[in-house]
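Each of the next two complexes has chain A plus one more chain, namely chain B in the first and chain C in the second.
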Partner chain A sequence: MTVRKLALLAVAVVAAFACGTASSGPTTGSTITLGAPLGLTGSLTKESILTQQGYNLWQDWINARGGILVGGVKHPVVIKYYDDTSSANQSAVLMQKLITEDKAQFLLGPYGSAATATDAAIAEQNQIPMVEANGAAQSIFNQGYKYTFGVLSPANKYLQGVIDMAATLNPKPTTVFMLSADDNFSLEVANAIVTYAPTKGMTVFPVKKYKNGATNLSAEVQAAKAANADIVLNSGHLQEAIAINKAAKEQKLNAKIFAYSVGPSTPDFIAALGKDADYVYDGSQWTPQVKYTPAFYLTVAQYVAAYKAKYPGLGDPDYHVAESTAACLALQRAIENAGSLDAKKVRDALAALDVTVFFGQIKFDTRGINIYKPMVVEQIQSGVHHTVFPSNIADAQPMYPTPNWDQR
Partner chain B sequence: MADFVQLVVLGLLAGGVYVAVGIGFGLVWGVLNIVNLAHGALVIIGGYITWQLFSAFHIDPFLSLPVDAVALFVLGYTLQRGVINRIIRAPLLFTFLLTFGLNLVIINVLLLMFGSDFRSVTPSYSGQGLELGNVVVPYTRLASLGVAILTAAALAFVLNRTRIGLAINAISADRDAAQLVGIDLRHAYAMTYGLGAACAGVAGGLIAMIQAITPTAGEPYTLQAFVVVILGGLGRVSATVVGGLAFGLVEAFGQSIPGSGSVFANAIAFGLMVLVLVTRPQGLMGRLR
Partner chain C sequence: MIAGAIIATYALLAPLTSLDAVQSAGVPLLADKLWFRIATYIAMFMVMATAWNIIGGITGYAAFGNVAFFGIGAYTTGMLVAKAKWPFLAALPLAPVVASAFAALIGLPLLRLRGHYFAVASLGVGVAVGELVQNIDYAGQPLFGGASGLFLPILSIDNRGLFFFYLMLAAAAIAIAVTWWVLRSRFGYGLIAIRENEEAASVIGVNTTAYKVGAFALAAALTGLAGGIFSQWNVFINQDNAFPIEYNVQMILMALIGGTGTVFGPAAGAVLLQLLIQFLGGSLPISFDIPFVSTDARPIVAQVILGVLLVVVVIFMPRGVIDFFGGRSRLSLSYLRRSLRETSL
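The block that comes next holds the complex of A and B.
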């Protein structure tokens, strides 16, 4: 008797469980359209494609799970892209088109501070949240906009990690020479160092500014040589970083640390300079070596593996890819937290967001920029990128001091 | 003092590149009356040829310069013969539009072929130099200056001592009279543009060694060539040489102004150009025509 009762009970439980999953499981709702203008042609093609890879990695992942869960309904996601030909003005035009014609419900950022600034104005006018990952200039976030959120560390953090690292080294470097391009982003990076380095006991020479996109920087390098500083920093772009490194070798500019804000983290830097790229430091948003414990999505190792599986032959994902995926994750979690597809509610959920993913902590200050995630410091050692600071996530020691050019 | 000497040296060496970029631009402008907005793009094609030969076949960048020159000559000749000749007597605006269009086409073809990655040629001797006390003279830049002067000399020789050069000079002096004495205008035009493009190719090879290039990297060079040619003066190769070296020196000293001097280096160079135009419209060494 008891056996029969037990069997009946078991059948009832199984039946209830089966019905339960069938009836209370999420159903598939309407497709969520996201919009992103990217420079798929023109001068920012390379970085824009990396951005797109980051967005697409997340799109595949979320759709494989049925979509974003909103109030028990799963909404699949489609990301609509347009080519803005690397022009900021064109980017804004296409952003508006995405909103009015393609009915994009939420926006993902374009590549670069210039386009992000013009697109942020469009997002604001239309009151549609834009989560961006590739515009670090704080000037974007100082406009009082309520609908733009940047998951990346702002410009002023870019080289602070290098100063923090330098303060731990022995013999401690004490003087800093700062070169900077004259665009908004680069000047923010440079000015932050001018105020930050003295707090670590270092003296900074007056910032040596040069024209954004300058091709000949030998006089600037000569000025750095005359200053004979321990640390030579450059805040500019890849092309200028390469020109400075070449001129430094030619003009025998020696320093204990060479660190450039943007450039050394890309494979192009090593390809263009070969052995001369060794010992150079840079501040990076993310590296495949970082150790964060994610609340959802993939771990760092799984992310690297997923990238390599989808884009074979390209090596590890660089930080442009990772931060772009992180922007999608922030949006996803905000929509889930809001429990709604209403733009205003999702905007408020973004403002209140605080979550850690493989990219690091995502939390926005009142302006909408993520000041909570630290930058990491990379160094090129024997042609390979290594994370050297902060030491708790580093995979190598800094090779310090940088040997003189004639002793390499 | 050593700093001053070093700046003079660096300025003159940088001037070498400007000479190389300027001579081809000046030739096309002086003879064809075309302000060639595609000049920078032609320069960058030369850079890519040098880079391709270096990275694929390990050919020394200086040895690939003649290849740049020949390839760009053929391209330039074809462009002029096939396209630009059709509007050669049209108002200046048409030549602007056409060469600007060519510039865009070349840049986008390069983007399709090479992507927007930054490329640079770094041979083993790159970065080495002669040390004279505190003054450093980098070998690659010194050799670049030498190549630029040699290219200018070769161009001057072609223009002044060869039959086609004399024909080009004749056209430059008077188009209709040149045609009357039996000069094949279309061929001579194409030769002129071809020679200008060949000089651009050599300049591109030199630039690939000094900086990183992308398809869009040529645009500043079009502007610089313009200033160099006006500084020196139209119509003489030697004038462009003087203009290029002067531009290099002005830039080096402009950049060395403490603080934000570099930001105004271009403004200083353009200011000087305006000054030259006001006080000596024919340029530092040019001939009034």
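The block that comes next holds the complex of A and C.
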């Protein structure tokens, strides 16, 4: 019985293989090696694994199609990873190893602005293009580097969408209180609001800085309450966003809008706060609700389905996954457009790239960062994430103004 | 000694890399930017471990915050190159000057402490300086690049990797030469006297404060020099990579493994330990599987191995591996038993 089953299976496999090879038109060329050091252990493990998931989703997809098409020849792709233990210095050593030992022809970015900054210098010195999706600090792109491209919106855009949205609301909020952690990414987000909000007719109180990773933020929330601003913004991370929201409830800090740069988009935020998470906004690179018409690869719905099929039990893909896949797509399309595997030609093709995928428009300014894709504003409504801005890709209206704590 | 010989051979042969013929021939160690990067790291730790030896090994003050001087050196050069647009080679000499001036300043109060108190206070300085550099603002703008760090322009020279390797190796040679001089000078005898018995040294006329501060400043100058080279070599510096806490432990461990108080011990320890760290971190081109350890667990196992190594070395080899070179001692069971007796209370 088992022997017969096995035999049948073998026949089926052989048949499938035969069909596969028979139907493929272009010939198969050399394998393209891509390299990426990631913090698979250490403090950035969680985000690095999301990044790797995004890369792997594309790798599976492109190899199922035989590889990247260059001049009528399909080149399969292998992505080589190393664990940089979340250390930027180690990331640079491993980047060099990927280039010299593993002969990586193109590079994908590590996780985080610090490692991306160090690795960008390595890519530049070796003249190998690096497409990255997880280093949003603009300082990386202000160095005149020619070989680093970031598909994500830069840090200064993170909360601008919230201000843009607020400007359309009625009654229009006019005062902004800005809290910020003191790391490079968070401060860039905060400083951008200080210069941007006045252009929309809003006044901003001086930024209230706190130590990155702080767990007790009651003094900062007290300062926000004293200012009595319409909008309370935080530029920080998940833990700090949770701490601020808890303190806001305890101290009855009432604002028309609470918006946090990073944190509310993750399931952990709702799990930690329950009903108190409602009405909170965040700026997100991408949400599973966005409506973009892709020129190639999957639609948004297909992408979400593909993620759930490969990584069951993890819920919807987070924006870190989506932007990482988008980096691969940018590289793929640039190689196809260049019609060559030459590093210089692919770099030029990346610089000229303008394509829309499930993640949004990918186009780089002269510095190499994608300033053309808008950030999305999400709001938690009855425990569910909804995209509320820009309105042409939104799936719900913003619930505005946020009710006072004692009226919830 | 073997590792030292490899480095020496490598240093002698490295100039050949500029020849295209050698590069196209693909001689493994010579045509390889990865090796340059790792070799430069090794030389960098040779400087730091040798410098630590002056205050920690010769003077006997367990300084746990020397990374502060590394960071100060890195930021001195970094600020001058990135903000004041100085040429790198003009900015580099100021790295040791600023680092040693800072060490002299904090050394005066800090070196009044002894034993654990000094170790803890110096560790505090190491952490505090990094935080200050990141958070000091001037006129609303971060003075030292703040959390965004500093980007230095990439040096436009041929064979950049080779240049920085030689520069770092020269710094290591300077550090070793300085140690050699210290151990043969009146200054060095004073430091050893302080290590063995500070009161007695004072009684026989050693100006202990001046000697201790001098040793601290000397160690800081050398460490700062390494930091200054690092900033231009790495192109990007921020609090994380200019003030890494783990460097404090690594440089001490290297000096201990090699042999504290000796001329070549710390440098030998740096070669051994940095090769081990790079190997465990998976960045060496010669990599093989560690039995029973999956690749995912390697970085964690690396930390465990380093910790165990520290304990074993401190207990069984208090004079370091350098003790076995040149026929002074032989590694034997009786040597280990004698060491155990010496290190037991």
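The criterion applied here is as follows: the second predicted complex is superposed on the first by the 383 of 408 C-alpha atoms of A that agree within 3 Å, B and C clash if a C-alpha of one lies under 4 Å from a C-alpha of the other, contacts with A are read in each partner's own complex, and residues count from 1 in each chain.
The working rule: contacts are C-beta pairs under 8 Å (C-beta built on N, C-alpha and C of every residue); 3 or more make two chains touch, one makes a residue touch a chain.
Please read these numbers as outputs of a predicted model, since none were measured by experiment.
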| item | value |
| --- | --- |
| Which superposed partner A:59 touches (first chain B, second chain C, both, neither) | neither |
| Contacts of A:252 with chain B and chain C, given as first, second, both or neither | first |
| Which of chain B and chain C A:44 touches, first, second, both or neither | first |
| Contacts of A:268 with chain B and chain C, given as first, second, both or neither | first |
| Which of chain B and chain C A:99 touches, first, second, both or neither | second |
| First (chain B), second (chain C), both or neither touched by A:219 | first |
| Partner chain in contact with A:125 - chain B first, chain C second, else both or neither | second |
| Touching partner for A:175 - first (chain B), second (chain C), both, neither | neither |
| Touching partner for A:356 - first (chain B), second (chain C), both, neither | neither |
| Common interface positions of chain A, toward chain B and toward chain C | 41-42, 182 |
| Interfacial residue positions of chain C with respect to chain A in the complex | 32-34, 37-38, 41, 134-135, 146-149, 151, 153-154, 160, 234-236, 238, 240-241, 244, 278, 281-283, 285, 295-296, 298-300 |
| List of chain A residues in touch with chain B within their complex | 41-46, 182, 206-211, 213-220, 222-223, 226, 238-239, 242-243, 246, 249-252, 266, 268-269, 271-274, 276, 405 |
| Partner chain A, residues of chain B touching it in the complex | 3, 6-7, 10-11, 13-14, 17, 108, 111, 115-120, 122, 126-129, 131, 136, 138, 140-141, 207, 210-212, 214-217, 220-221, 251-256, 258-260, 262-263, 265-266 |
| Chain C contact footprint on chain A (complex, rising order) | 40-42, 82-83, 85, 87-90, 92-94, 96-97, 99-101, 114, 117-118, 120-121, 124-126, 137, 139, 142-143, 182-188, 212 |
